[in-house]
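Alright, structures below, take your time with them.
One chain, subunit A, links the two complexes that follow: it is found with subunit B in the first and with subunit C in the second.
Entry: the complex of A and B
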């Protein structure tokens, strides 16, 4: 929390949508707190501010419950990126994205980026059970390996070649990567976007595990990198606005002002 | 003493006002069948349905115009024997009860040897003694709730706090039946909506029977209110298209149980609003409301746990954290300064207790925030903490303030990662998140400047020893409207529960004693003003006047005179400390409505009935 500092103005807005119990809060928690813990059903929406380099990214973690459906479009207003989350072990959760959540994104920016994320990959995919690492997440990796490593040792006497034993049983995977990519295509069509002018499906469909951390950092960081142009454009627009922003003079990183975005 | 006293009060014996008698014979058959069906599930130890009827008192209330009292017929068809009256005679314990109605006089219900037992219960006296003995034995074992001798009782009565999810419970298991208090919510079409224990699907037939009971009685222009069996009280509450049922072995009064069901109803309303629920069921009688409540079960579970463990609900008053009045005032001022258009309530909470509450002037001019609404808010916060850094924005309805409209609640912790101090800002503007979040920024800043957080961290509840009355173990004091907090939030004060009430079991036992005292004080048939009750391990005195309601618990050997002196001292102490114990002068602010924000202007701002949007799905 900022110690009584001036409110950091968010530069860009990212919204996580998806049916309940697919793990939206857990994904975000894994990313920001580097932990996986039991969460309780989110009420309404929860707002988080994430520092990404010199930028402040606001993330809305929304409730998947139908009860809060009406607020969805409010959370999505002016969003630069929307993370549509489903559960790889639950076909319905993918269907819900199209049925319930896609229309909520009508209030998002016209150049909004869509990512489709299949969470709980650790339940179906052996390679998601051990944390996949990139160079950037080395500390996380150490931590995770510690966790899962000990689990593996205690639960399976044989070498962890078949990580299925980690959780005991492998759950049947109901949603394949292709299904998600097909949905991505349909979303582009719904938005009236050209497939070749947009980001490719391969790049925007992820399978993650909030439990092991698999692909979680990659997901958020890819998105953050992708929304940068949107941030810069916005700052440009603000610069052209006739209002003088006094904060301009102080900001060392850029001559452009940071004015409220949403 | 909470053992055998439940059918007292309005429920003395069999009370059936049957509809015109031509329908009563076949009708009663159906009712008896329904009862035994329900009984088979709820009380399987009575394998024989006839036996259930023997022990069951059905208590119905007829609309005044159609009362055609036909009690004998009812009894006949229900197989209810005069023996049912016995239950009520067992109301008193080995301990003596000394009650006063306005002036002090001894009431026949005192002690086992009093006339009350002679008048009605004589033919059962043999059984009576046996019951008493059995109960005494249970009490020795320290079982909080008595009334049956099953060894499973101990596990069943205590709500293990760690065991939070009861969703997967096997509803055919004996342990499921042993739960102290079941709560079911169903729709008028008999569709299950919520069950405290076990999944609703598994219970759909049970709920179907419940609905059959309700509609059967309804078909005779009657309303079913309660069913008494030896060990259980079944209470029904119908609210709009929802039916709420409580099956309790807690020996609470019907009135109290109905009050608890009302809290459950309000919590559902707080999530969906009354208007939406009405509209939904108007459209589609057999709508499955679980679609909209999915994910909210924990909020209802949490509420029911709180209702059992927190006397705020019983007293319908809020408990605020004792705080030096200067500190409370400064916190209020901080809240008062950080305002934005359409903000109506600013509430600061620490350790799940109120620190202060500041409200918009015009909103509260002719309505006040009801304790029940505050309870629902506190429960929501308790049951929904996202992880620390997040700021929550969610619609919430305050059912007693206005059951048909939403407020938008901003919830954020001020002291992560401890998360004990919580700020709650309520706005009527759905879009006001960023403006309200900015208010929080300002509040946070001011609190840092004044070092408020560390001062709040030092605040804590007090020990009864501070009162300086040796035999006093615990008390609950609820003042009524006094001139300077006229029309303000009803509050009560109470010290920590200390030894011998430090274990969960003992806490519950003391609360049960208080509930019993409360039920006597508030009995509809014979309300009392003063009760001096010598229980087995403590002595209690409850006293209600036009100024306050007071419940005290003393060590067992205290004399009546001692207790009276102690209470005088206690009242003096409370008077002296009241600035610290209560929120005395809740400040108000005025947020000028911002006309540019919306077309709604002036007073109608508060009545923002923005549809949450889910209706579009129908």
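Entry: the complex of A and C
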């Protein structure tokens, strides 16, 4: 059953931004449905509610098309994390992040965290072509960016080759990991943040493949863990609010109960 | 697509509104209860009364009745109408002027406070929001909020003036659309033909819906968002943002919702979008197998279904059940099960799909209207046997899971019987578990089914569970005898024996034990031997009855007696004698065969001997009488004599007839085993005497066949081996003169050593006693040295009275007491004799 639809109020918001065709919907789809399928160009935006422990995290998949650009800042309002997505085979998609999308994040929370994600890594990187073990526990995710080389290789044979990537023809990688890290540094400066006091670029820059699942779980789970403090703070504020929220009372005591236990 | 969420119903036809005047157009609408107000481009307000009419087919239509129309006299189109029904006023915007008219008469309200009921210049150039209070007879400016250049949509808090930009208005030249959809939530037309949701904080909490670029108006009718564009009415769900319905509608002009009523107008006529009952929408979705959408709609709409019409939960349950059946039909069992569970499905609905599973006696009838479209499983599977099988396996799992829950309250018989049938048919291992545990399987219905699948063992269990043990046994016996085929248990015979051994119905035991014993007496007898003894009286069998019963099964009888005597150790002469006799008869019969089976004879005699030795309950004389005829069972005879304490006879047999000196020695030890050493000595002396008896040398020697020295050697060995038992002095007097010292050296050596040992031990004891005596003497003298004071104030230690006379007795430690007290005490306890030696003291 689609979890997204109703009643449950999200505790925190994560927004995926990026140019059209970089694979935002596919990333979300890979994470939530554990598969890769053809998607159509997103109209306006879509959202998914993820149960993360006792918390509800809403993940907004935005439309990359220029036409819907004006809506971006609204989606970003109150966001606790923003995933800035580009396509590793397309330099322009990285440039667009800075030129077009960064300003949309002005409405996000002041302590919003930013991840820069280069998708379609399977096109340029052989190690991203192996199917990922979807049940893998992500304990080692803190280091995995560094040690992807030693990642446990699945014993499964290589999946049937797709004409684009696995026939041995590698597409030229236009955006290097260091380019993304440099952009991250510029984002911090744009936000007026000290590099020392912020999350390090190595931790917040990912290369993923929605097609094979490479690094996708790691990306989302890293972010979810990082936004937990934000959730707790938000709940705390709600609790201290002098306003009596009738909706909340009617919506059942489970919410109150949850707050009480954390 | 293709949910029919709304129906377009005409409300005010062209003729009623404008007759044949072609140039008149509708400009604006207001609907307030039954009252519909229409503003036209020729500055008229028309007032209609709308009545809901339900047709015979249950469809909702509207009939409009024109009440009034009124010219406002401004020659401009009426731009906006708003009702303030509590005040019975209609707020009119026309020609840039806002004013009030009476809702009933449509007369302009005369200004009580002098012209205050009009606001002019409403379409001012500076973007300003002015807020007025409307009274019956005047309007009053409360607040004015200037807005910046009205480019994007913005959220404006009118009490604080705080503003927040949302996003740009879609296109120049198009009217922005803002609809309030709930508490602090709005629906806005966004660029790209989107319907965006925004709350008061400027945050979107639902994904946008996708309209066309040319959207003219929008309305909300939970859970749908309705939009109007140049050619169509589109209906999107707010629950999943999907397009649900499209209605063709040309010349659309106005779309507005009034208190839940969606009203629509072309330039010439007014229509109403009548929402179809949600239940019907849900049923439509289910009918086209769109389970997820149906459930989403059900859950999303639950609070909108009128409670007086439906028990909300019942409807929801029904929909869940229907969803479950759809998924069941698609063999999506996991999902189906979840929905059955959530929907609290009457399990029998599912069982009834499977032909013949419900018991004939079941009162169940399928619910109406039906929850699904299947006649039965065959209809569902369309002859695909693999499908049928998968469905059956699913039902097995499902019933297994629910049968112990409250879901099956009131229909346990039906569920358990169905499960039994499935298990039997599918040859499932759990059939026996079901029958062996608490169950509600109906016997009448299960019998033919179990017979059909040759599950006779299981059927027996069911009989047993229903208290029909006799039927169960008859059935099982027929299986063991090969009349019926059921390979469930290869050890069914043993099972029956075990069953009978625990069977509390004594009559049944008597009835069927004979069959079991004839089949195999050694196992059959377990019916009696394995019977729990510590049971209540009902199932206890009297051993005498059993013995009588076992009369013709000699082997079983023997085993049973062994059980009574050797295992249960019943101390009853009858059983012991009987067992001994049986043992004896068996040995005798073995011996009478020729050639006799040595091994069997030995084994039989060992048992007999053991019993004769160890039991002291059997009738010795009786056995002796039986055994005397036999020349071979001498050892047994000796044992019997021993039981009678006729040791001389026994030893005589052992020594002279049997010439088994080892047995003779063993006999002495056995016969004196529970007696004192004197008795043992007597026996050994007796044996020695037999050995040395010179009155019988001839027979003894002839029987033994050896030299006369044989008995003497036995005597020597006896002495040397058991020297400690004998009285050496008496032995010496018995021994023949001629025996060499060397021969008896071990015996004599040991005897002397023992005598020496005894002598020295007694000397040590004597010395110890003397020294103790001396010590006591010393203590006494020591006590005597000190004077012992007696006065009238001192009390006696025994009676606690004071002394009145000087005569006292002194206790050890110098304690004076009355003489009569001591005397008393000595009388009471004769052990304290030493006190008599105490001397008086003055």
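The rule is simple: the second predicted complex is superposed on the first by the 201 of 262 C-alpha atoms of A that agree within 3 Å, B and C clash if a C-alpha of one lies under 4 Å from a C-alpha of the other, contacts with A are read in each partner's own complex, and residues count from 1 in each chain.
Simple rule for what comes next: contacts are C-beta pairs under 8 Å (C-beta built on N, C-alpha and C of every residue); 3 or more make two chains touch, one makes a residue touch a chain.
Quick caveat, the model's predicted, so the values are computed rather than measured.
S.K.: For A:41 in the superposed arrangement: first (subunit B), second (subunit C), both or neither?
M.R.: First partner only, subunit B.
S.K.: So in the superposed three-chain picture, is A:78 touching just subunit B, just subunit C, both, or none of them (first/second/both/neither)?
M.R.: second
S.K.: Which partner does A:67 contact after superposing on A: first (subunit B), second (subunit C), both, neither?
M.R.: both
S.K.: Taking the superposition on A as described, I'd like to know which of subunit B and subunit C A:190 touches: first, second, both or neither.
M.R.: Neither subunit B nor subunit C is touched by A:190.
S.K.: According to the stated criteria, A:33 is in contact with first (subunit B), second (subunit C), both, or neither; which is it?
M.R.: So A:33 only meets subunit B here.
S.K.: A:25 in the overlay: touching subunit B, subunit C, both, or neither? Say first, second, both or neither.
M.R.: Once the two structures are laid over each other on A, A:25 reaches subunit B alone.
S.K.: Of subunit B and subunit C, which one touches more residues of subunit A?
M.R.: Subunit A has more residues touched by B than by the other partner.
S.K.: Could you tell me which stretches of subunit A are touched by subunit B in one complex and by subunit C in the other?
M.R.: Touching subunit B and subunit C on subunit A: residues 1-2, 4, 6, 43-47, 63, 65, 67-68, 70-71, 73-74.
S.K.: In the complex of these two chains, what residues of subunit C are touching subunit A?
M.R.: 152, 165-168, 183, 190-192, 194, 196, 198, 201-210, 239-241, 292, 295-296, 299-300
S.K.: Under the touch definition given earlier, write down the residues of subunit A that touch subunit C in their complex.
M.R.: Residues of subunit A touching subunit C: 1-2, 4-6, 10, 13, 43-47, 63, 65, 67-68, 70-71, 73-75, 77-78, 107, 247.
S.K.: Which of the residues in subunit A end up touching subunit B in this complex?
M.R.: Answer in residue numbers: 1-4, 6-7, 20-21, 25, 29, 32-33, 39-49, 61, 63-74, 260, 262.
S.K.: Would you pull the subunit B residues touching subunit A in the complex into a rising list?
M.R.: For this pair, the touching residues of subunit B are 271-272, 291-296, 298-299, 380, 383-387, 389-395, 409, 414, 416, 430-431, 433-434, 437-438, 441, 444-445, 448-449, 610-614, 616-617.
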